[in-house]
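What follows are several structures.
Both of the next two complexes hold subunit A, though its partner changes from subunit B to subunit C.
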Partner chain A sequence: MPNRLRSLMILGLIGIASLPLIVMLAFLVIDSFSASPPGTLIPDRFTLEHWRFLWQTLPGRPSIWTATANTFLFAGATGTLLVAISSTAGYALARLDLPFRAFFLGGVLVMHAFPTVTLIIAIFLVLQVTGLYNTLAGVVLVKTALNLPLGIWLMKGFYDTVPWEIEIAGVQDGASRFTVWRKLVLPQVRPGLAALGLFSVIDGWNEFILPQVLAPRSDVQVLSVYLAGLISDDSRFDFHLFKAVGLFYVLPVTLIYMIFQNRLMSIYGGGTKG
Partner chain B sequence: MRIELQHFSKRFGDTVVVSDMNLVVEEGEMIALLGPSGCGKTTTLFAISGVHRVDEGRITIGGRDVTRLPAQKRNVGVVFQSYALYPHMTARRNIGFPLAIRGMERRAADRAIDEMAELLEIRPLLERRPGELSGGQQQRVALARALVRRPDVLLLDEPLANLDARLRLDMRGEIRRIQRETHTTAILVTHDQVEAMSMCDRIAIMDRGRVVQIAAPAEMYERPASRFVASFLGSPPIAYLPAAATEGGLRVGDALVPWAGTAPRDTPLSIGVRPEDFGPDGPIRLAGTVAAVESHGREMLYAVDLALGARLRAIQPGIARARIGEAVAWGFDPARMLVFDGEGRRL
Partner chain C sequence: MSSSARLGLLMLAPAAIVVALLFVAPAILTGVFSFTSMTTATGITGGAWQLTSEAMGRLRSAGLAAATVDALAAEHYRIDETTLATAADAGVAAATIEELRTRHGGETFDNRRDFERFLKGLAAKPANVAALKAAVPPFRVSIVNVRYETAAAFDAAVAGSGVALDAAARDLVGREAYTGWRWTTANYGRLAASPETLARLGRTLLYVASTILFFNVGFALVLAIATYYLPKGPGAAVRAFWLIPRVMPVVLYVMLWKWLAWDGGFLSTVLAPLGVAPRNWLLDSPVNAWIFIVLINGFIGASMGMIIFSSAIRAIPQPLFYASAVDGASTLQQVRHVILPQLRWPILFVTSYQTLSLLASFQEILLATDGGPGSSTEVWALAAYNTALNSYTGNLQYGMGATLAVVLVVVGILVSLAYLRLFNFAALVERPRIEQ
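Right, the complex of A and B next:
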């Protein structure tokens, strides 16, 4: 029994420590569905008024559905591009006899250590000149490029764990180098691809600063920019509305975590069972 | 098919791994490349398979010059030490992979796979993945994959190194049986002399990138070209005694050993005596004390520290014929001894 008592005490302590967060989260949900009289936090009636953004476009704002579609497009496109480029570049760096291989490896690491924000003015100028400013394609390219060092390095790490003999066996069996990669090596790094894809989609979903600076126009706005717009507007300050949109914004990410929980666990656990 | 290496050399950077190697493997023959690690045997194997570029020399398979041919076009089957099965595929798809790459029609491929599986007795395992197979079973799948396309040449890179002793014994016979039944020319790379002697028609012993001797196992055992070769074959290994050429023979310690060979008088020589040739009954007697007695069941193994300052091992069948610490005067038959000069060449 003392064991039981101990775990109960630990649970209690953890509960108390995380109470502020739990209360805040609870109020995020409660506030979005209710109204409370002035001067108190206790709600007195249920209302869907704060969720009106779902069926009517707020004055001076784009439709929430445009923003949602943009966010999906942004997150999906950066994820796809990142996985596609990292899986090939990582393989090249891990296995092919490239010229300047060491230079590229070092370069990728340096890029990874470089803080994004310091580059933003340069990137802004590049997009202006190329005509990609205020387009989704522009931010997608920038976001992907900035995530590439991490992606390439991660995939290289996964490729490094694939035994050389498997590739030699494939070549000996008559397969071209590309077929070996596609049919024999890629299946071995699937956990890596899944991890990178998930990470990238979630990261893209959460990205704020790049779309805010590089694609602020209302028809290419993503949800994070839309959300920030709500509180930057001092004249129409509506905290309940902000909370409702916020809840709407985190819903897909929560869903992804719930669906891929096991998958993510096995990735972080380092399992490679296909 | 007949394999021929002519003046083959291979460097990695500044290190010469194989230099000026000549080797002919006859059609249907199985030959072993035997040597210590780093002697260049695996490099040679992968040069034949096409994975390593050939720096100098020529390699032909069945008369066709393959020196510059990419690995994919050589029709060579390879079995790796780690088996290198594709972990995400079932045994059937593993074996079928070389056929699928060649665009063989599904039904014909399945027939070929079943036939191979029959030969290797792995029919019931075909739907399993490598992770669900034991080491010996994986070995069989790897062999099937190497043989299913009817390769011109079968290359085996330490195929038994990862198996336990019991399985190794079984697989030695199995590999040899299958190689014979499919009449495939084969090269076995190994550092295990028992494997080389028991499985192959001929053995090529390599040392530091050079072939030291090529011969049939029995011949090589009886007439090794050098001390290096003699030491490599036989377990427990041959032991050496210092000797000197004198009038009418060799002086070994106090004994005068009759010897028909010739060497300049008083040059330092050595004689090699194998453990099975040393025992209580040999004609040339040497005094010493028994240092160790080991029972191996069928036979006893002794180590005798000789008065002249060397240790000889003896293998004798039956019950113990001496105790540890006992003073003995055991002997060997001079007809069975091997005589080497100062450089280790056999005289």
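Right, the complex of A and C next:
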């Protein structure tokens, strides 16, 4: 059957193109649990020694558990804050008779497309002066602010899909616009809220450059900064260890991704609509 | 104002405040900082006045007479309450101090030898040579390398040094001795004059163009079209697999590429039996470094195009495919004449969107090569970051880095305004229907 042959050919070609990725992911798991003699990639024994960072603190590094707790705090706080702020602002922009509405919407769009990393120099100086440098609160606020244009835009998109009839009915029954939003509209966009929250938690979990620049001190270090510090330390070059730490670091994201893959697909596709 | 408007403003307020403080303000401040000479050495909030040897060098090149500069730098030996107190602390005999205070207060000596001779002539002279040597330093006064917290204190010290300066020269000295940051347009001048600027522009262009061409649009198209022709299950699986680079933490992702490339890593080990000497493929030559940079970014970037193109292809009316099949079109002809023409707008969108994100992106390059080997992969955004926030010497040049960032910001704003034009902004800002 030609269709079947075509499919096999396509899969074969994609497989070749995906080879680097497949090799990297396979050896991420293999190397973290095994040791191999020098000059070969085939492991010769199973070992847990690369996971020693879990029960002993590596020299010159904070405890992995401090970093993990910080990462949970950072990702959780940015996710919560982003969803809370975007869900109200998105509604105001989508459905309320806001003065200067076009201006605000245009602003959100321009900021959404804005190269945010270029702001990091000024943000660094602002945090230095305000005393928020080297605090989790500071970097949480910054991360939320930089993600807000995307969050607001997505939420506006979700609100746009809610039928006007629901709101008009609510208003005619005498409910205030706020009550209508809380009781009638918000439940309609629950999937959107969940998608934005998940996206933002993953994004916060993965974030590297902001914590690296704004909160590098060891007691507020997150896992990305911890791992990057480990890798850039030339005196202890051990990819087995890096991979074990990396696997530990990526586990929560992997779980979220596997469970909620379909919901996330829409946001990673560029963030137009859910 | 209607109640809807009031509620709207209230609901928008938290977002507006956070965005204003940590998004808009930094954007404006980037522009402000680009007109300053701010570095780690100058500090952020302000400075002090200190006549350092660098400042004296600047004074000389600014045209102040060498004799005047030397006079400013000269040291004196003076007897006054301050130096006497220092001397008492340093253990100079009380009798000596008493005699100096009562009989010689206010006297100044131009060099060490004169002052020592003078001390030897005192009635209560120091008891021995060691005591004499110890008695001299407390009386030494010089404004060189002394830190004055205010301009007034510095001016007073200059006046006290006895060097005659006219008003213009005094201003010049004060300006050059100031250690804080100053307003300046020199950053832009340096940027325009530096040959690095053109090289960086070229590298940035190469980076953005090749990543978009080969991966963000090119490979994304291949993936989208290929998965369209696959059965549903495998198609979705391939798409999910290619989303992994984007979902994976960037530090881990780049670390895996580094493992692939380093001299004990995958490539070197696999190629060793073929007689290829092991090497760090990531950094051994500029060409290889660029190949890896484009691969690393392209693998991440392909997913966005893939998703957008896939849904655009699925939106093409099925009859078009049936008709072309009936007309005897091969798969390739279908792709060429049915699918690609329908993807014009998505391709334009992905290209413009990714141009902007790639222009500003530097994380992957920072983690992979940090601009190496040499500076052959240092793109504009990475140069801005390294200049302002990541220097080996420890002196971070905030002002110069901000100038580099401003160029990106200006390009960013222009490009994003162009998008709004291109992608029909008016349709996005329809008025709410309840109020109509």
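What we mean here is this: the second predicted complex is superposed on the first by the 241 of 274 C-alpha atoms of A that agree within 3 Å, B and C clash if a C-alpha of one lies under 4 Å from a C-alpha of the other, contacts with A are read in each partner's own complex, and residues count from 1 in each chain.
The definition used in the following text is that a residue touches a chain if its C-beta (ideal position, glycine included) is under 8 Å from a C-beta of that chain, and two chains touch if they have at least 3 such contacts.
Computed from a prediction, not measured in an experiment: that's the story for all the values here.
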| item | value |
| --- | --- |
| When subunit B and subunit C are modelled together on subunit A, clash or fit | fit |
| First (subunit B), second (subunit C), both or neither touched by A:L184 | first |
| Partner chain(s) touched by A:T88 [first = subunit B, second = subunit C, both, neither] | second |
| Touched subunit A residues, subunit B compared with subunit C | C |
| Which superposed partner A:A75 touches (first subunit B, second subunit C, both, neither) | neither |
| Which superposed partner A:I168 touches (first subunit B, second subunit C, both, neither) | both |
| First, second, both or neither for A:L196, with subunit B first and subunit C second | neither |
| Gap in Å between nearest CA atoms once subunit C and subunit B share a frame through chain A | 7 |
| Subunit A positions touched by subunit B in one structure and by subunit C in the second | 168, 171, 176 |
| Residues of subunit C touching subunit A in the complex | 1-5, 7-9, 11-12, 14-16, 18-19, 21-23, 25-27, 29-30, 33, 38, 44-45, 219, 222-223, 226, 229-231, 234, 238-252, 255-260, 262, 264-266, 269-270, 272, 295, 299, 303-304, 307-308, 311, 331, 349-350, 353, 356-357, 359-363, 366-367, 381, 384-385, 388-389, 398, 401-402, 405, 408-409, 412-413, 415-417, 419-420, 425, 428-429, 431-435 |
| Complex interface listing, subunit A residues touching subunit B | 163, 165-166, 168-176, 179, 184, 187-188, 274 |
| In the complex with subunit C, residue positions of subunit A that touch it | 6-7, 10-11, 13-14, 17-18, 20-21, 23-25, 27-28, 38-41, 84-86, 88-89, 91-99, 101-102, 104-106, 109-126, 128-129, 141-142, 144-146, 148-149, 152, 164, 167-168, 171, 176-178, 202, 205-206, 208-209, 213, 223-224, 227-228, 231, 239, 242-243, 246, 249-250, 253, 257, 261, 264-265, 268-270 |
| Touching residues on subunit B, where the partner in the complex is subunit A | 46, 49-51, 71-73, 76-78, 80-82, 84-88, 97-98, 101-102, 145, 149 |
